[in-house]
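For reference, chains read A, B, C, D, E and F in written order, and residue numbers begin at 1 within each chain.
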Amino acid sequence: MFRKLFAPTIEVQAHCDLPCGVYDPAQARIEAESIKGIISKAADNDDPDFRTRAIIIKEQRAELVKHHLWVLWTDYFKAPHFEKYPQLHTLFNEATKLAGASGVKGALDADVADQLLAKIDEIAEIFWETKKG
Amino acid sequence: MFRKLFAPTIEVQAHCDLPCGVYDPAQARIEAESIKGIISKAADNDDPDFRTRAIIIKEQRAELVKHHLWVLWTDYFKAPHFEKYPQLHTLFNEATKLAGASGVKGALDADVADQLLAKIDEIAEIFWETKKG
Amino acid sequence: MFRKLFAPTIEVQAHCDLPCGVYDPAQARIEAESIKGIISKAADNDDPDFRTRAIIIKEQRAELVKHHLWVLWTDYFKAPHFEKYPQLHTLFNEATKLAGASGVKGALDADVADQLLAKIDEIAEIFWETKKG
Amino acid sequence: MFRKLFAPTIEVQAHCDLPCGVYDPAQARIEAESIKGIISKAADNDDPDFRTRAIIIKEQRAELVKHHLWVLWTDYFKAPHFEKYPQLHTLFNEATKLAGASGVKGALDADVADQLLAKIDEIAEIFWETKKG
Amino acid sequence: MFRKLFAPTIEVQAHCDLPCGVYDPAQARIEAESIKGIISKAADNDDPDFRTRAIIIKEQRAELVKHHLWVLWTDYFKAPHFEKYPQLHTLFNEATKLAGASGVKGALDADVADQLLAKIDEIAEIFWETKKG
Amino acid sequence: MFRKLFAPTIEVQAHCDLPCGVYDPAQARIEAESIKGIISKAADNDDPDFRTRAIIIKEQRAELVKHHLWVLWTDYFKAPHFEKYPQLHTLFNEATKLAGASGVKGALDADVADQLLAKIDEIAEIFWETKKG
């Protein structure tokens, strides 16, 4: 797996607003995976202090998901992308809502985390299509 | 490429200190790739204000590289790993130094960015080996 | 002016993602005004260190503009708003781009700051219409 | 209301420590309004996880209130203001204490939030008087 | 020296707004020392990129000085202290101004750093007197 | 005590990654003392909201402990130090683990806080030895 991830022909993508030209939906996905892990651990643990910590950290991770998605939506995607993929605005708006109070911030619910992950994957699929073109 | 990255059998890894159990050296690598992109763009641009912005953002990204590596070193790797891989401490110390003042923070030098990326890849290789075991 | 701003019948609006139900486009506008002030001061000052500081602080303020706008777009505006105001997605996307590298982050240009302020005002006008309804 | 807020003769005020010359007590007030909203929502909700989130976010918002007030006290107000308004130091000290552990941080109490709002309004009244002069 | 600093009878003091009851003016002083070090290194170095980094980091350290001082002023000192030491408000206001745009933020000047350090020491002297009482 | 701390022959040490050359293990210790204070106050208080606040703030302070220690390990200590003190890597790794989920983050336990303080003191002892050399 390591070979695949770091083989010379595969560029890992990221972002900064210089812009450096490096973007990657994996940044949002990693944080969303973390949220799913948190929810799973909280479900297996009765300690109220642990639950408090789980909520604190979930809140931070969810904020990071929102941030990474907003960055893609504003900084990576350009007008021609939005013309070609008219669903993109709604997709990002729904994904960031799923990372917020009406989504994983507001619940310790593995299903909501899965919905968030699925939305991020939809965005990632479009992202990688645009990189091919 | 997308299929590979998000195929159901491949877990994207990350971290939070609940701990959620999700870690991934890609987080450090993405920021290091961004630094390489910044250095490349600054080399092609004469505007002093652009160079100032490049240095500001490089500073932030380098701090993120350090943070993601420190998290792996403290939170993911345990005593048995350090026994099995006695070079790990030095590897992490050198990698984080390469992300600091004596490395990419202190220079706009593509070679230093490549050295940092190579160190991160060495760490990632060990990381993925420990995940197999 | 003070009386108007703090008269008991006028609610100052803001945001947190509890959600607390308090939002206000003024948060973005205040940071954008600050950017305009920074650009104006940098234009009147030859000291290169001052210019460096101006760019550092402009970068931070621009990031805050983006953040405050993203919060409105994701957390305040709901599906019915996007149906009623089909231009909203594009408006937010353009406004946040104007706060980024292709806008005030990438330039010390009062005209770009004015364009950003005008976009924020367009958003604010819609925002206040939805509060009346 | 929008017309009033964004009419060309009314300057929205803010701050950065360039200084950009833009300040506005509304920044502190908006966060304090948010705290009041949080307290109100927590009072209507029995879910312990919601209460935990309310406390997390209240903590952050209260810190922002303190920060915005400290900025006004240090960066906007000058020696002549403190001579003309000898109560200013105490006013700011009490207002920031009301935003701290002995105030809204330490309690989910709407009355304390109202006391904080009242102090901010006292400060704002003096602020706008100094802007006229 | 170590023995003195960490001897069991000497409490190192700090702060959090629980409050934890631990405060220490050393936190502000350490950051101010750092600023003095930055200014000294920038004076010995002609590289414009180094100077840019020096200004970036000085800006952050100065903000930390302000923050640590504000915390002492609001959270540690109480009404009886302000009665006993009527100069305290002015002292803190001047110290935080020296950490801002009209002080070390606005200049690469060792004298200004020394003035800031001297003000912090004046505050520290009063602080330690109140701890004895 | 004040005289000792701020006497002209005693340098207070700190850090920034310019590097400014100013480091001090006291920064980590102060935050660890704060954690101990938090744990003690939480033990004396039955209010669940207070306990929630205690956990929120302990989480932040523990993160600061980790950060200050990581900075010393990467930025202050150099290869010759690690040769002379072969236990240093393990010491830092254990200290930062004690500041994390398996240490003070994961428990409200005064003993764990004391273990963390003891580790920081071991590091500090070595640190001050290297400063003498």
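Observations on the structure shown:
Going forward, a residue touches a chain if its C-beta (ideal position, glycine included) is under 8 Å from a C-beta of that chain, and two chains touch if they have at least 3 such contacts.
No experiment lies behind these values; they were computed from the predicted model shown.
Annotation of chain A and chain E: jointly contacted by B, C, D, F, touch as defined at the top. Looking at which positions face the partner, chain E and chain F present mostly the same ones, since more than half of the interface numbers are shared. Centre to centre, using the average C-alpha position, chain B and chain C are separated by 33 Å. Between the Cα centres of chain B and chain D there is a gap of 39 Å. Computed from the mean C-alpha positions, the centre of chain B lies at a distance of 24 Å from the centre of chain F. Within chain B, residues 17-18, 48, 52-53, 56-57, 105 each touch two or more of the remaining chains. The touch graph of the protein chains shown belongs to none of the named shapes. Of all possible chain pairs, the ones that touch are A-B, A-C, A-D, A-F, B-C, B-E, B-F, C-D, C-E, D-E, D-F, E-F. The touching residues of chain C, when paired with chain A in their complex, are 17-19, 63, 66, 70, 73-75, 77, 82, 89-90, 93, 96-97, 100-101, 105. Remark: chain B residues 48-50, 52-53, 56-57 touch chain C in the complex. Considering their complex, residues 48, 51-52, 55-56, 59, 105-106, 108 of chain E touch chain C.
Residues 1-2, 4-6, 10-18, 20-22, 24, 26-27, 29-31, 33-35, 37-38, 41, 53-54, 57, 60-61, 121, 124-125, 127-129 of chain B are the ones touching chain A in the complex.
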